[in-house]
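Report on one structure; see the data block that follows.
Chain IDs A, B, C, D, E, F, G and H follow the sequence of writing; residue 1 opens each chain.
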Amino acid sequence: MALPLEKYLRVGKLPHIWCPGCGHGIVTQAIIRAIDESGIDAEKTVVVSGIGCSSRAPGYMNFDTLHTTHGRAIPFATGIKMANPELDVVVITGDGDAAAIGGNHLIHAARRNIGLTVICFNNNIYGMTSGQYSPLTPTGSYASTAPYGMIERPFDLCELVKGAGGSFVARSTAYHTRHLTNVIKDALKYDGFSFVDALSQCPTYFGRRNKLRTPLDMLNWMKDHAVPGASWDKMTPEEKEGKFPIGVLVNKPSKELTKVYDELLAKTAEGGRG
Amino acid sequence: MKEGKPRLLLGNEACVEGAIAAGLKFFAGYPITPSTEIAELCASYLPRVGGKFMQMEDEIASMAAICGASLAGRKSMTATSGPGFSLKQENIGFAVEAEIPCVVVDVQRVGPSTGMPTSAAQGDVMQARWGTHGDHEIVALAPSSVLEAYTLTVAAFNIAEELRTPVILLMDEMVGHLREKVVLPSKSELLVKDRAKPDLPPGQYKPYADYGDPAKVAPLAAFGDGYKYHVTGLTHGEDGFPTNNPELGARQIKRINDKITSRKKDLPQAEELFTDDAEVFVFSYGGTARSAKKAVRDARAKGLKAGLIRPVTIWPFIEEPLLKAKAKKPKAVIVPEMNLGQIILPVKRVMGDACPVVGVNKLGGRYIEPDEILDAIKEAIQSGSAS
Amino acid sequence: MRKEFRLAGAGGQGLITAAIILAAAAAEHTEYNAVQSQSYGPESRGGSSKADVIISTDEIDYPEIKSPEILLVMTQEACDKFVPGVRPGGMVIVDDTYVKDVPPIDAKVIKYSISAKAKELGREIVANIVALGLLVGLTGIVPEEAALQSVLARVPKGTEELNKTAFLAGIQAAKEVNS
Amino acid sequence: MSDSPFEIAVNRKWCKKCGLCIAFCPKDVLESDGEGGPVVKAPSQCIGCLLCEMHCPDFAIIVRRRAEQ
Amino acid sequence: MALPLEKYLRVGKLPHIWCPGCGHGIVTQAIIRAIDESGIDAEKTVVVSGIGCSSRAPGYMNFDTLHTTHGRAIPFATGIKMANPELDVVVITGDGDAAAIGGNHLIHAARRNIGLTVICFNNNIYGMTSGQYSPLTPTGSYASTAPYGMIERPFDLCELVKGAGGSFVARSTAYHTRHLTNVIKDALKYDGFSFVDALSQCPTYFGRRNKLRTPLDMLNWMKDHAVPGASWDKMTPEEKEGKFPIGVLVNKPSKELTKVYDELLAKTAEGGRG
Amino acid sequence: MKEGKPRLLLGNEACVEGAIAAGLKFFAGYPITPSTEIAELCASYLPRVGGKFMQMEDEIASMAAICGASLAGRKSMTATSGPGFSLKQENIGFAVEAEIPCVVVDVQRVGPSTGMPTSAAQGDVMQARWGTHGDHEIVALAPSSVLEAYTLTVAAFNIAEELRTPVILLMDEMVGHLREKVVLPSKSELLVKDRAKPDLPPGQYKPYADYGDPAKVAPLAAFGDGYKYHVTGLTHGEDGFPTNNPELGARQIKRINDKITSRKKDLPQAEELFTDDAEVFVFSYGGTARSAKKAVRDARAKGLKAGLIRPVTIWPFIEEPLLKAKAKKPKAVIVPEMNLGQIILPVKRVMGDACPVVGVNKLGGRYIEPDEILDAIKEAIQSGSAS
Amino acid sequence: MRKEFRLAGAGGQGLITAAIILAAAAAEHTEYNAVQSQSYGPESRGGSSKADVIISTDEIDYPEIKSPEILLVMTQEACDKFVPGVRPGGMVIVDDTYVKDVPPIDAKVIKYSISAKAKELGREIVANIVALGLLVGLTGIVPEEAALQSVLARVPKGTEELNKTAFLAGIQAAKEVNS
Amino acid sequence: MSDSPFEIAVNRKWCKKCGLCIAFCPKDVLESDGEGGPVVKAPSQCIGCLLCEMHCPDFAIIVRRRAEQ
């Protein structure tokens, strides 16, 4: 079904500021489509972001939208969800926003199982500030602050969130648009903290510097290196080398925090311990 | 909570009760001495009134969470002390820029850095004003008593909601950790203000409307109310969307500042004692003002014409009482502070060359004793007479 | 009228609680004003503990005590540190379970084995309430009934009986030592 | 003009000429306008797979089933 | 061998401020013993901490010692190690310091594989500030800010560090003093980022509130719930319930960051790309 | 780098070259407009001189890392802009309290909050002074030109090392993003100071010795040198170990402050232009001072007696040039700032009731134009004559 | 002598680089003072781009240009926006590959298909250097040799030849359009 | 006095009387001083296992092999 643009986008704010071929528009579209297909109430949906190219997405999306400070989207969103658990709260963030400055909030939200859907537009680079390395920049890649090649190891964001206790973790890419949409739909449906590592391309600052000259090259790189989760589990470490799994990687039920809080409120209203 | 009856309350506890009376429904914080009781009591009391307490992973997240909760329509508060207050600064700036009502309590202790965590100081006075980057005004109130820890917390919420701005309750360890007899105002005596809600339909609502009159502040819709509006920390226009237009940007920054300075007269005014015929003024706030009051009373008992100006609103700096004093050509203004001299700076600015402005400063966590202030009063009167 | 009290001993002896109860009794059950404050250590654990109470008919501006009129000491260390500061003509109440030497002082010195008494009643942890009873009995600063109400309102649920016994033991002790 | 049940709308004001729509079309419906933007060359071939639309970073190409309108 | 007290402790600063029966002294002793047994040079050893009861340990230890701000010990230590890779840098932290406010620094140091040995004195509570819950407080436990019982899920610190990419991860307890000492020795020997989750007891604020009345009760709880890593792997999820593994849980070689940097320096001295 | 030859350099680049010339060996930072080039150039240049660049996970960690590296004996620096400067405040306070030499560059942009990231402002002036909690003094230098971005960075390192304190290089976007022709001083012209090392044996070394003379600062051993000393952010004694003694604590806090204020005369002094016979003074710093200089020159060309005071050291506030001006009974002091009025506050304090102190303020990222200042000069001279 | 230049077009056209090279040529190879500045967009991507250069025999206090004497425009948008601000009697250099309409203006208007020329030379990306050559050729503000040195010092390694060709093509063009 | 090769030193200034040393001694060498601190009751039984020392949070009990001194 064609995208119901006017319903979900602030068309008056378009065209957006993103560069030609930037993956962020593709992922944004997938989110909108997933929201549409999952039938959640747009009036009760809040989209929150930090700072970065990725974090500009909410400005184009026709919901209650909140563009916060760098790295802090998740705690802002936590306050919103706690204040009004009726709301569907979606967080849009970047690899720098979520995993560099915002890493702590990410793992704590995962631990708490607060009902947010966090989608990381992961382009392995700081786009907004012109191409410095991020904690997701692969070792050896070039960036404006890694002129001799990145010497640090990158995170595997899904492993990180899993290690923090996250009970819904998924990954997809800007290449796999339908898959990405479905994965986001699942994340929206999950009652608890859900995290989607959405690989996006930054042709301007990552691609050019790293011999992926066009957006298409970058999308094809995603195609070539992504492995469906089910196949992944059967691969040897050698086969896994350089590849990454996509799909819903963790999905186990666990009571969402505001629901637990509601029980606490019911208890204290009756006069519990304390 | 039993209204009207006398009670012995801790300053920090009075703050929590004030907050709840003012409508607090969401507290997010991170423990730190000497503010911790505020978090602990919120954890205990809030669920009983259908509110929520959340201990966040740090102070940055706490400040973020209360902003979020406020945008979702709940009155929100956080509490901290020096190190945490430093960490909150970036998001306090966000609340200023995005005009989010909320209350931030700073129970001051000795700094800089970790300093002396359990000892009293008034070292964050200038930080409260200037701690976050960029041009901004802030409202900060300083209670001197346990009762004021209550009433000014209520006032802080009212101002926050009316002006759509973060309000700092600038306590100090002396007040926060003092237990004192109080009779709290009853519900009917209490003025509680709630934020204005938009009366325009969603399409027409301007969350950052500029009415030309800075004292008029746009109403704030709650997320989920159907307004689908945008909030950002970028400089923005009336619709809330970012602008790069320098004129628009300048106007927005100015408006946010002016809404506070234009309302100075509506903020809690200074308490004055014996100022009518005073020759020497003591200008003192917070816990230290208790010593100052005693010193002024003692001075009067000795026939010395001392007067007290106790600013309750610390920021924006309200000049009137000092200007009135200046007009009386006083012998001196004495400014006792548990710091190296902070509020004395604007006092000097206002007093100009009219008279000496003398600091009585003490560090290391010890209270300033009434006699130390009294000595300064005596000296001022003597040297003032000599000259 | 203005009376200044200092209760001093070791962390864990519950002297802050005792001071709060004393101040609360005055604040909530009499016409007096009252403030209570305490010094915190570098952290709130271990070490020594000191709590002050001022009870007054006037407004209490400055809440710090320089030389208390009535001092209760429950460790030797506290005794050595605070006795010299007592107001001349004041009163020092000493838990001689732990305090062996009291420096010479121009004040009435009352000795009683507070902690031993508490142990005898079942748990040493109520020594603070025994001490409070003693102090109230000796000074008459607040009506006994008011103090007891304050005790019952502020001790953990389930310990009311024990604390009442402890408080009354203190009152009783006051009569004994005074006689 | 075309016998496909799909209609392809390109919003030239938003299109940034990245060429992704063209590259992803499995049916060669689109060709480049010379600068990377799409020209609908063979509308009748369109199978409505939405690959162009879903890969457009600029919401600039929309494929609608004619009945949808 | 008896502890060579005078060599490693600032005896003039003792007795320490910790409460009777506090586990932090036990863990501190294990660290000193491990340092002694591993033979690293005390003059070239720096001990860094944040803020908390645990973080007071360096003040009693006779090395170059640095007591920083709450949660930030690891980045301070990172600067030290980068500035002088010759130094052995040990970080002492608490569960609040490391995992609440400092969580981000912990995961980034693990990711980077910078050569620090981080020992978390994990007592499931904020001791210093009198017993608020921490991200390690078990669900349902009581704390001064959880008067109705902790409603959040806790981290598993070892899983968190592993998820962040940590290549040396271990756990032991104040009960298992010899085991703890050995595990710390292994951590000190590891060339890269090593993390030890050292369970400690806070009788004052955790024990009392949670029906573990004495320090001994708390140590016995550790004994009863710890499972050696090898057995752990063979247990069913049901058997694992409520228990935790101890021992060296991850130990795989990976080049330490300052070593990688040295290679970069050698390369740029020759005039590499950039 | 080719010394002595004229070059076209970016302000941010000159800062990096100055830092390296001063001995920078460790940079930790987190990218943020408009300071990012400083990080990028450090990443590129430092490894070539055996130094290290590290991109940390955030600004808090960056500030922590440079403190650590400095204690390990390396000259260290970080660079940021408003939002990051707010985040660094807690650890700047640590560096103050623990007396750790380091340089913090803040390239100011429009705030508050995210504001206008690529536009110029001077809105962090007061934050530089008061941003961290507790009583503290700070040194902040404001370059007006690309050459000064170089020379003042060198000066910042020298001051940091000599006074064992963090030094703020308070740039603004206007200077940081300006390319200008410069001739850098040659190595031999350059004065580079290194921190003093203890000459006492380890047992006797007092890392926080109080010599009675605040201008004398204890030497700083490097970790690993065998001194096995202790550093803490708690208030501490001369040996570096925490103290709860109020007198000791007070003395330590005072000493750390006094070491800076007592050395005011050794810090970079104001540039003065036409001040001898001026009737109107323009007091201006940073990028804006370029407009001020032009305005003053234009005024002189028109026969108007305007003079320029350009403070180079912003904090501590150096009063002498203003006191000299005050003695001349000027018609006005004009203070142009790209903010709502920050440095004007101490200027007013110093000028007292001597003459009007007039702000020329501009927000929204636009530079203040020379003509706007010239107009203020004209007006001041006219109304000064009229009265 | 004081000359003010503005180079304006789209992000990615390399006009900032051209401005830097121009300023550097003056700063590093002549006695003149020079400053160069630019406006950044909300972010440094996409959108329009504007770079200013001032070259002067005097000290340059205020670095902002109000009305440039020489304006280079490489997009229609830039042309529309900046042409009206050109100093009367100044010069406007127009890349008529992209600029179709030039508003009426009291200035010398020079049109040349800069981008087309660059494409012809191999890669449109060197249009900025063609433009630079043209500008240097037309104004003579710096010696051609100095400008060329600056070009070679500041373009990516491996592209020197292409850029030299581009620069010389610009110089050549200047002769053509001037004749 | 004892035929054990180990000597047990208790530092009463540091000991906080937590009782852990006593509880951990496998040989009942130690007994409580009534307040939780250790009294060396059966020195000859000491096997030098160091469990007391290593569980002492206060560095207050040290067991040395006599030869060590």
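Rule of thumb we're sticking to: a contact is a pair of C-beta atoms (placed from the backbone, for glycine too) under 8 Å apart; a residue touches a chain by one contact, two chains touch by 3 or more.
Fair warning: this is a prediction, and the values are worked out from it, not measured in the lab.
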Next on the checklist: Show me the overlap between the contact partners of chain A and those of chain E.
Outcome noted: B, F
Next on the checklist: Tell me the chain pair with the top count of C-beta pairs in contact.
Outcome noted: B-F
Next on the checklist: On a C-alpha centroid basis, what's the spacing between chain A and chain F, in Å?
Outcome noted: 39
Item to check | Distance between the centres, which are taken as Cα means, of chain F and chain D, whole angstrom | outcome: 56
Item to check | Of all residues in chain H, the ones touching two or more other chains | outcome: none
Next on the checklist: Quick check on chain G: which residues sit in contact with 2+ other chains?
Outcome noted: 41-44
Checklist entry - Which residues belonging to chain E are in contact with no fewer than two other chains? => result 18-20, 51, 69, 100-101, 103-104, 108, 130, 135, 147-148, 261, 264, 268, 274
Next on the checklist: Can you tell me which positions in chain F touch chain B when the two form their complex?
Outcome noted: 60, 82-83, 85-87, 89-90, 93-94, 96-98, 108, 110-117, 119, 121, 123-124, 126-127, 129-136, 232-235, 244-251, 253-254, 257, 339-340, 342, 345-346, 348-349, 352-354, 362-366
Checklist outcome for this item: chain A partner, complex, touching residues on chain E are 100-104, 107-108, 111-113, 135, 142, 147-149, 151-156, 159-165, 254, 257, 260-261, 264, 267-268, 272-274
Item to check | Complex contact set, residues of chain G against chain F | outcome: 20, 23-24, 26-28, 32-44, 60-64, 66
Item to check | Residues of chain D touching chain A in the complex | outcome: 13-14, 16-20, 23, 36, 50-51, 53-60, 62-65, 68
Item to check | Residues on chain F engaged by chain E in the complex (per definition of touch) | outcome: 25-26, 28, 43-44, 47-48, 50, 52, 54, 56-58, 60-62, 64-74, 76, 90-91, 94, 222-224, 226-234, 241-242
